[in-house]
Amino acid sequence: ADTIKIGILHSLSGTMAISETALKNVALMTIEEINAGGGVLGKKLEPVVVDPASNWPLFAERARQLLAQDKVAAVFGCWTSVSRKSVLPVFKELNGLLFYPVQYEGEELEKNVFYTGAAPNQQAIPAVEYLMSEEGGGAKRFVLLGTDYVYPRTTNKILRAFLKSKGVSDADILEDYTPFGHADYQTIIARIKHFAAEGKKTAVVSTINGDSNVPFYKELGNAGLKATDVPVVAFSVGEEELRGVDTKPLLGHLAAWNYFMSVDNPQNKAFIDKYRAWAKKNAVPNADTVVTNDPMEATYVGLHMWKQAVEKAGSTDVDKVIAAMGGQTFKAPSGFTLTMDATNHHLHKPVLIGEVRADGQFDVVWQTQQPIRAQPWSPFIEGNEGKQGL
Amino acid sequence: MLCVLMALAALPARAALDPALVQGLGGDFNARVAAIDALGVAGGDEAAALLDALEGGRLGTVDGRLVVIAPDGLRDATSGEALAADAGAATRITVNNRLRRAIGTARAALALSSAQPAQRLAAADTLRENASPALLPVLARALAAEQDDAVRAVLRYATAKLELASPDPALRLKAAQALGGSSDAAVKNLLAALLEKRGDGAAATWVEADAEVRAAAAASMRAIDRRIGLAQTAGTLFSGLSLGSILLLAALGLAITYGVMGVINMAHGELLMVGAYATFLVQGAFRSHLPEYLDLYVLAAIPAAFLAAALVGIAMERLVLRHLYGRPLESLLATWGLSLVLIQAARVLFGPQNLELANPSWMSGGVELAGGVVLPYNRIVILGFAAFVLVLIWLMMQKTRLGMFVRAVTQNRPMAGCVGVPTARVDTLAFAIGSGVAGLGGLALSQIANVGPAMGTGYIVDAFMVVVLGGVGQLAGAVWAALGLGIVAKFLEGWAGAVVAKILVLVFIIAFIQKRPQGIFALKGRFADS
Amino acid sequence: MLKVDTLNQYYGGSHILRGLSFDVPVGQVTTLLGRNGVGKTTLLKTLMGLVPAASGSISFDGRDITRAPSYKRVAAGIGFVPQGREIFPRLTVEENLLMGLATRPRGSAIPPRIFDMFPVLKQMMARRGGDLSGGQQQQLAIGRALAFGPKLLILDEPTEGIQPSIIKDIERAIRSLAETGEMAILLVEQYYDFARALADQYLVMERGEIVMRGAGADMDRDGVREALAV
Amino acid sequence: MRTPFTLRLFQSMPRGGWIALAIFAAVAWIGVPVAHLALPESHPLHVFAYTVSLLGKILCYMVVAVAMDLIWGYAGILSLGHGLFFALGGYAFGMYLMRQIGRDGSYGAELPDFMVFLDWKELPWYWAGSDSLLWALFLVVALPGLVAFVFGWFAFRSRIKGVYFSIITQALTYAAMLLFFRNETGFGGNNGFTDFKRILGYDITSPGMRVTLFALSAALLIACLVLGRYLVTSRFGRVLAAIRDAESRVMFIGYNPLHYKLFMWTLSAMLCGLAGALYVPQVGIINPSEMSPANSIEIAVWVAVGGRGTLVGAVLGAGIVNLAKSVFTVYLPEYWPFVLGFLFIVVTLYLPDGVVGLWRKLRARRAAAALDDASAAAGAGLSAAIGGAPAEVPATERQAARSTADTPIAKGANA
Amino acid sequence: MIPTLEIERERAHLDAERENQREHWDGSAADGRVYRPGELDLSHKVILYLDDITVSFDGFRALNKLSLTIDAGELRCIIGPNGAGKTTMMDVITGKTRPDSGTAFFGQTIDLTRLTEPEIAHAGIGRKFQKPTIFEHHSAFENLELAMKADKRVRRTLFASLLDDERDRVAEVLRQIRLDQAADRPAGLLSHGQKQWLEIGMLLMQEPRLLLLDEPVAGMTDDETERTAELFTSLAGKHSLVVVEHDMAFVEALGGKVTVLCEGSVLAEGDLATVQADPRVIEVYLGR
């Protein structure tokens, strides 16, 4: 064939469309960019977009179809962990290649997957360390608040162990969960207030996912919990999510990511401009206000690294590409040069902590000097001792 | 450092700022905090201006020199002299929460000398929460000069909190007694700390040596506890009512289209969405054309949301549902299809992301009860709005002929025609009203929760539960069901957490229907069971 | 007043009404008799527009109403008492009667003569229609049709389930309504004595056709009773 | 003289039905396996693994639809919680599949990965026996059956009907979903069960296993159809339909509706459980979203599309909707909800009795055209009416005839 | 205020009385009788006892201390003004409505107030409703088949098949009710009168000991009314019948004892001529 097919497996309908549609867009944009630069191995990339519709079995079915029917060279896709878990066996069986661009709970390592999002130690732990630092407000008490599913539960388990290692007692940790789609945060906010009033400096670590964030932040604003009193750091709230929130009352609340749209450097500027232009050209709704965010950057980085690896391997053969992926570097929009770890298939990523600005963007208030290596097997979880790479 | 600050505090209020002090703002993190604190103690317009510049992100450094970044160039922060370097040369000083808090406190200290009592009150409130011991002299001075009773009361709490640590037992006693009037959990903790023992076993000594102070502290704690407990119960009740009012607004339109007309309207959630999107468009129109009246956009959105949803409802009714009366099964299928179409249409037209809808300023914030319990204005307004919509519908259904016609048509369509009711027109009108009411629900929801293409799917289950639990066709039932579920859910949530509470609420619904198989307001009578 | 011309009606494939033609003159009671299942109710439903006429025409007051929707026929002045009562079960008795005034302006009052005829309705004003006993419901259905003062009253077996004394009252009432000379009445009845007592004109239907017709006074002589027997 | 049972089973389906079933069985048991296993990939008739699992999945959905039609179409009970029974069957079998992973999981432990991760040291009691296929198969049927029986017993005894019943089934599945989302519940939380390796030691991804599962699904569907057909044509089926149309009348002639409903309800749940058990190994995942209320509503939608109360309609509906979904999410990824949405609307507007209704109508019309005089048309219309497809009857009259048979929700609405 | 008080006092009294009776029943060993459903015990030649039955709806008394007995094999007509409580009485007998107070016994031993509808039907009481209720989607044939006396438990109906004599029986009844031509039509499409007949047919298939017939000839021609009367009189003796009608000619043709209900209790009882002559009956019911 004179083209190389690339599968794009993001939900365009159902509950996850809200987050994943932008990833499909950025993947298409990156493919255009690569094609404009001459393609890969002299061939153009041809995107195959399908809609797994936020339905997990459908994810597996679509994955099988992409790999077995369309014979795509690689798949860029998934957001939720369960969607990834659902397609994994298919990728293993058919020896496919999946690039997963979203921060997740770790505890997984597969030869056929490259993880371009953050592992817990590249997001959650630095964020909490920051909150504990004097600069971050010196928090001594923590509310671990999340949506009731695996990613928040795991993250919080890791954080609890981490906090314990830092001498925070169980009495100073409040862990609370809400169901998917929970829309009424009155009780929880009251509880946080009460907890915070009981003593030392308190911070909230939020792993609330999806649609619940809007009601959560609205309630937070109206209940008068200010970031200066009880800061909230979130791991699933980025620029895209903040588009749906009136950010004025949220000034100063935090998010930890490996990229922010507000990062000021030439790569990022080019990235944003390219995306804006693409959105306009393709008549994306509200094209003039589109934003970029961390998983989008991860998708972008992933596609480029795959291209580099294919060129290094001289083939799209999965095993060869996997071998060539290790050690690939890419100057990412975050401003850092990211490296793909050969042994654990995760990117070395910088950690950035940002505070919400009135315009829905983040002010970076803290960042690591260097990209840090991922620990998909968290040392804070029993039984992971000695686990390293593949 | 404390001594330095004390010394500084003694300086006359209008003294020129010490450049060394100000330069600290350009230093490392601790130096910045110290400098801000000092500015607060020092007072004066210049200090205020500097704090403003810092918070506004207009302070930076050029080669270690502190500068103000103005639109027209850079100025030295202390001397005010213009600098040659251009604005890009300066490194902006980022302000984070910790600094912002310090700035807030410093500002409050400055505002204590404001001419406006309201500003002084706000300042005193901030200090009551955050004042550091360094500010005790500032507080004492302000208290001495203060004429306004409300401000004095707050200042006295603020001072008392600090005085609990005073070496003078008499002062501590007074403070402990004064704090009994507070309803602040933090104060309670301060008092509780006095009642603890230091050390082990027999060697243990009281943190507070004076027994009298301890007794006063214990009494004050009890008083605070009582007040907080009361406020919290009231707060939970309010959250229950508020949740109930939201459930009700989500369900009211359905109570007409389904409850009264019998259309199993799976697209009800999407009618809510239409109302919310209409609100969004109105907000946009205000932003671009009437920015000075932006706060009123919500009011303008009331007719807009109603009409938009009503029009969609009319289209649905005319094109699809009208062919399905008396075939409720089919209405389930068709409206399920309509719902898919409407969601995707919203996605294609507006994009898949959530839309931002801001509470107008008069709906932001809340009234604070004791103990940090806040009743947010948006929820209070929505509670009132729910009552308003409810009364409207009730009047429409019970007091107008249209209401009677609608009920008659659903009970016996052919016969309604045979007494002269233009059934087709009544259907359209009723469906339009039901849809419009759903639009109003969407408007209300947009002020609380997210607005996006799939927002409706989150409400459809709840809406049906409310309508059914109340007893189909029973408006009063829907009201009781919504408020009941809201309150039950909130009390359970306080006790068992949100997830378990939600499960328990569902189990409760199942159990409740066993007792009342036709809902709360079961229709009794011989026709009900045939 | 009402003129029916070669009316045909099918249910699916079965021919139920076969070219019916007749008049209902004003100021008279026209009774229609026939055994079970001959198509009487079907005819009345066709007259009311509940089932569309397959062919033929219906005109009322000189206007063609063959294709008019039910509510327009009512607005033109036709009142209907259906077989099986068909009251609105969840509306109160009062509301059921008010429904009878649907074509009248808002705020019209229920005429008191309804309560003179059926005092029980007055007692049970606030009770829901569906809770009434069978006979009470029948009375309500008649009251509802009379409420707006129709020019043509169509009744499908109105005496069904009603106690004898009230049947007598109804008989008197129908008589007096007809005698005012402003109203036409089309009455479907199985109860021969009642039909005969009221009929100015009679029609007998069999298998969708009118097989006998004549003046009410001649019913006995014509052997209508025997014709209805098997 | 009593007709023997086997003969009656045979008579319950018209000849055309048996022929169709036989063809279906031949294709599913011989055609597909041969085309998948024996023909090389390059062969035009080769059936790809993708197709086999896709069809296998749809067969499972069809079984669920038939189960739904039995309880909804014939007993008038609209369940909005059938997804729960399907998922319970899936989870019951999933437990076995998880145990079959053995030490091949990420943590190389005896326990399933998610338990290792939760620091559980041993299997919770309700996992006991889950390594035995027999026990798993027992649970697959017994678990949904038990839940349905207990729930149904209380609900039917309290005479909960119509929409009230529908809503509590929805509450039930919703509550179960939330419960299963919790990690502590012991079923893997949101991630559910995945990464299955084998059944009875055989590799789950092997072509042979794939074809076996497919053939089993086809067998289950055939069994369901025959059983369903028998049930609805038996006197039991007529009593059930009578309960649907006029429950109180049935009581006055001496049948106890509680027992009838409960039997059908429990049986329907068990069939769902079986379907779920075959579904899980074929799609490779089971997670709590299978219990989401929307999933259960969709099952009802399949049945409605195909034509309620016909069994065949349920099969067609499930097939059409799911195939359409599978096809259009590939070819029209951003617009498929429009296609599906309009499909539902068009079906309701123009095919009031679903796809099957259309077919019957066409057949009636063809019969009418064959005899070309008016009386023949009459005959056809009549036979259509008698055949239970009153499509030829004018709309208002049809409504009248249906009024007492209105769906439960309608009854709720009019009650 | 006062009336409600009175009602309440009365209700308390009734409750107490009922409690007393309960005690009495529970001491079943004392009089050697078993008050449980079982074989119909007609040892006293009485098939139905209603004693002191009161039913009220939101304070309105539809039945007011109604007492009535029906002998085995009797054909009893019940007449009375619209709203007198005739249908409500049948509701009580068949278990559809639970009385506020009073007792209802079927034979000597079966306490109807404690049984469910199917149990009552099973014990041998059949009913025809005032508004014909049949299974509209089933054919006339199937309607009769379902009503047929048989074991009506799930496990039997699952495997039941129609025996030849059962088929004959259905055919015979179809002829009797003149629906043999319409045997396969969905019953919902029958005319009103045909539905009435079908429901009577269902009752015949059920072969109950006691038939309750609520206005069976409403909507029938005079000729058919006569035939119905013949049918009922032929059934009497073997079965017991309670017929509610407003058609005096029909009541006369039946020829049984007549009970007049009014405002929830018995106003008069006797043969038709006596009752028709009773001025109170003329006043409230027959009219002049």
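Order of writing sets the labels: A, B, C, D and E. Residues in every chain begin at 1.
Just so it is clear, a contact is a pair of C-beta atoms (placed from the backbone, for glycine too) under 8 Å apart; a residue touches a chain by one contact, two chains touch by 3 or more.
In this text, all values refer to a predicted model and were calculated from it rather than measured experimentally.
The chain with its Cα centroid farthest from the Cα centroid of chain D is C. When chain centres are taken as C-alpha averages, the shortest distance to the whole-protein C-alpha average belongs to D.
Counting C-beta pairs in contact, the pair that comes out ahead of the other among A-B and D-E is A-B. In terms of their C-alpha centroids, the spacing between chain B and chain E amounts to 64 Å. Averaged C-alpha coordinates put the centre of chain A at 74 Å from the centre of chain C. With centres set at the average Cα position, the gap from chain A to chain D is 38 Å.
The residues of chain B that reach two or more other chains are 343-344, 348, 411, 414, 457, 473, 499, 502, 523, 525-526, 528, 530, listed in rising order.
Shared contact sites, meaning residues of chain A that touch two or more other chains, fall at 12-13, 148, 179.
Residues of chain D in contact with at least two other chains: 178, 181-182, 248, 334, 337, 385, 390, 396, 400, 402-403.
By the touch criterion stated above, chain D contacts chain B in their complex at residues 154-155, 158-161, 163-164, 167-168, 170-172, 174-175, 178-179, 181-182, 248, 293-294, 297, 300-301, 304-305, 308, 334-335, 337-338, 340-345, 347-349, 352, 396, 399-400, 402-403, 406-407, 409-410, 412-415. Residues 401, 404-405, 407-408, 411-412, 414-424, 473, 523, 525-528 of chain B are the ones touching chain C in the complex. Of all residues in chain D, those touching chain A in their complex are 48-50, 53-54, 57, 106-107, 109, 113, 116-117, 119, 178, 181-183, 189-192, 194-196, 205, 283-285, 287, 289, 325-326, 329-330, 333-334, 336-337.
Note for the complex: chain B touches chain D at residues 258-259, 261-262, 264, 266, 320, 323-324, 326-334, 336-341, 343-345, 348, 410-411, 413-414, 457, 461, 464-465, 468-469, 472-473, 499, 502-503, 506-507, 509-510, 513-515, 517-519, 523, 528-530.
On chain A, the positions that touch chain B within their shared complex are 12-15, 17-18, 21-22, 134-138, 148, 176-179, 181-184, 186-188, 190-191, 193-194, 197-199, 211, 213-215, 218-219, 221-224, 227-229, 231, 240-241, 243-246, 248-249, 252, 254, 284-286, 355, 360, 363-366.
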